[in-house]
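The following pair of complexes shares a single chain, subunit A, combined with subunit B in the former and subunit C in the latter.
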Partner chain A sequence: MSAGHRVELRIPSRAEFVSTARLVVSSVACRLDFGIDAIDDLKLAVGEACTNAIKHSPADSEIIIAYELHPDHLIVEVVDHGRGFDPSARPSVDIDELPQSGLGLMVIEAVMDEVCFQSSPEQGTRVRMVKRRPTK
Partner chain B sequence: METMPIDIKIRKLGANLAVVELIGDCDLYTTPKAKQAIVELIEQGYVFLAVVLEKTAYMDSTALGMLVGSLKRVREHKGDLALVAPQPRVQRLLDITRLTTVFDVSATEESAIESLRQRGAKVP
Partner chain C sequence: MPRTKRTPQAAADSHPDAIFQRLRRARGPDQRALLREQLIMAHMKLVRFLAQKFANRGEPLDDLVQVGTIGLINAIDRFDTDRGIRFATYATPTILGEIKRYFRDRGWAIKVPRKLQEINLKATRAADALVQRLDRAPTVAEIAAQIGETEEETLEAMELGQHYELASLNGEVGSAEDESPSVLGDYVGQRDSETEDFGMRVRLEEAIPKLPERERSVIQLRFYAGMSQTDVAKKMGISQMHVSRLQHKAIQRLKQLVREVAE
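Let's look at the complex of A and B:
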C-alpha cells in the first residue's frame, strides 16, 4: 500500500447511509491488514462520527467521509455542514445520571488513537480520527 | 440501500415481564423501531424487560441511549431492565461507556429472568 492513498465518500445526511460509511472503512482497513478488533473499532468510530454529523446537519446536506490510507495507520475525517459546536464547551458525561446522549464522543475517543474536533457555531464540524495498525 | 435490518422478537412471559430480542444491527437507522417496540411494551404494563443481545451484531451509542431511556422509563414504573448475553463487541461498548455499572448484564435469559423476578417481575 502506497502512502497517502485517499478514498472519499459523500453521503446524504440520512440515517440509512451510516452503514455505508461503516462498510467502506471496514474495506479500507482490511486492505491495510488491520485485525478484526481494530476494524470493529474503526466501524464504531466512523459510525458514531457520522451519526453525530447527521444529527446536527440539515436533512438535505452532505456528509463527507475521507479515508487516508498509510502503511501503518488510517486517518478518517468526517465533515459536515451542520450547526457546529464549541469543542471546549462539551459537557462532561456522568454515567450515574443515566445520560441518553453524549456517549458517542466518549466511544470515539476510547477506540481511536488520536481524535481532533474542529468546529464552531454555524460553521460545521470536522472530526479527524487516527487509528494505528496494531502490531502483530 | 444496504442496511442490515433489525428484527425484534417479543415474548410476554408474565403479567409484567417480557423478553425482547434484538437481532441485527442497532444503530441510528434501526434503533427507532426497537424503541417503539419497547415503549409500547412499557405502556402495556410490561415494566420488567429482559433485552437479549445475543444476536445483536452491531450496536452504537444511539442504541445505548435508547436502552438507558428505556431503563429510566421502567424504573419510573417500579420496574427494571436487564441485558442478556451481549456479544463481545457490544460488551466492549458497555465497558467503554461504563454502562455495566448501570445495567444488570446476565449471561443467560434464565438468569436475567430470575434476577428480574427477585425485583418484582411476575413469573408464572
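Let's look at the complex of A and C:
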C-alpha cells in the first residue's frame, strides 16, 4: 500500500509522452490494489485528458500530471497552459456533431467517479478526476 | 465533401433525447424498431471510438465494435430519460463493460497478468543476452525489438510484471479479520482439474450436436476453426451482429445442455 503519497509528472506537450502518463497511472493504481478493469478505465481517462491537454496547448509548453494516492481512491489531475475553454459553454449536441475532443471529455466523465474541469480562456485547463477502488 | 448544414429543427429532431421521447410514445413494434435503429446508428461513432482504445490487444477491431454494439443496445433498452444524465454518459460504461467482458470470456483476466509475466521473463533473458552481445546495457527499444513486443508493453511488463508475482502456496488468503486465516495451499491440489476438464469436454461434445443448425455452425467455425466473427459472418452470408447474437444464444443453450447432462 502506498496511500498518502503524491506523484507528479511533467511531460512536454507532445503526443509521444501520453504513454508515459498512462504507464504511471497503471503503476500507481496497481500499488493501490486496483483491479485490471479499473486500471483500464484509468488509463483510458488519463490518455484522453493528456491528449486533449496536448491538443490545446503550445508545443513548447508542459503538461503536469499529479497522482494523489488515497487508501480507497486515486485522484489524477492534468494541468495544461493552453488556450482553455469555457466549461459551461460545452455543447451538448448529439454524438455525431461532437468533435473527437468532446468525445474524450464525455468518456472521462463516464469512466471516472468524479470529474471537475476548471478552465478559462487563455488561462489553461485543470482536469481533476477521482476513481474509487471498486470493492472486491 | 462539405457537410450539409442541418436546419435547427432537423438537429433537434435527431437529438437522442428527442428520439428517446418518441420511442417512449411509439406504438407498434415497427415504429419502435425504427427508432431503436436510429439510436444505434447515432451512437456507432462512440462505439468505434471506445473499441479503438482496445484495438492493440490482439482481437480484431470488427469484433470489438460488434460486442460494443451489444453493450450499446443494452444501454438503449435500459435507459431512463428521467435520470437526468446524457445517454452517451450512461451508455459508455455499458459499452466498455461489454468489451472488457469479451476479453475476460476469452481468458484475458488470467492472460493479462500471465502475459505481463511472460514478457517480463522474456525481457530479462533478452536483456542478459543483449548485454553480452553489445557489451553495454541495451535500450528498451532494443529489448522490445528482440522479443517482438511494443516498447510500451515491454516497459509496462518490466515495471508491472513484478507486481504479479506467482502467489505463494503459504500466502494467507481471505480478509485480515479472519480468525483462522487459511493459506492458498489449502485450496489447491484437491481436485484433478484435468480430469474434470475432460469430463466437461465430453459433455460439451455431446451437447453441440443438439444445437439448432445455425448456432452449431457458428460454434464450430468460431471455436473449432478459430475464425473471427467477421469471417464467420462472411462465410455464412449473414451480418456480424447476427453471428454475435447466434453465438451468445448458442453458449447459453450449451451451458443449459451441459448442466442437464451433468445432472
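FYI, the second predicted complex is superposed on the first by the 126 of 136 C-alpha atoms of A that agree within 3 Å, B and C clash if a C-alpha of one lies under 4 Å from a C-alpha of the other, contacts with A are read in each partner's own complex, and residues count from 1 in each chain.
Everything below uses one rule, namely that contacts are C-beta pairs under 8 Å (C-beta built on N, C-alpha and C of every residue); 3 or more make two chains touch, one makes a residue touch a chain.
Only a predicted model underlies this, so the values are computations on that prediction, with no experimental measurement involved.
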On subunit A, do subunit B and subunit C fit together or clash when superposed? clash
For A:L23, select first, second, both or neither according to whether it touches subunit B, subunit C, the two together, or no partner. both
When the two structures are overlaid on chain A, which partner does A:M106 contact: first (subunit B), second (subunit C), both, or neither? both
What is the contact status of A:C116 with respect to subunit B (first) and subunit C (second): first, second, both, or neither? neither
With both complexes overlaid on chain A, does A:I54 touch subunit B (first), subunit C (second), both or neither? first
Which holds for A:A15: it touches subunit B only (first), subunit C only (second), both, or neither? first
Between subunit B (first) and subunit C (second), which does A:D40 come into contact with in this model arrangement: first, second, both, or neither? both
Indicate the residue numbers of subunit A shared between its subunit B interface and its subunit C interface, in ascending order. 19, 22-23, 40, 44, 47, 95-96, 100, 103, 106-107, 110-111
Show which residues of subunit A lie in contact with subunit B when the two form their complex. 15-20, 22-23, 40, 43-44, 47-48, 51, 54-55, 95-96, 98-101, 103-104, 106-107, 110-111
Interface with subunit A, subunit B side, in the complex: residues 1-4, 25, 27-29, 58, 60-62, 64-66, 68-69, 71-72, 89, 92-93, 96-99, 101-102
The residues of subunit A that touch subunit C in their complex are 19, 22-23, 26-27, 30-31, 36-37, 40-41, 44, 47, 92-97, 100, 103, 106-107, 109-111
Can you name the residues of subunit C that touch subunit A in the complex? 11, 14-16, 42-43, 45-46, 49-50, 53, 86, 88-90, 92-93, 96, 100, 109, 112-113, 152, 155-156, 159-160, 163
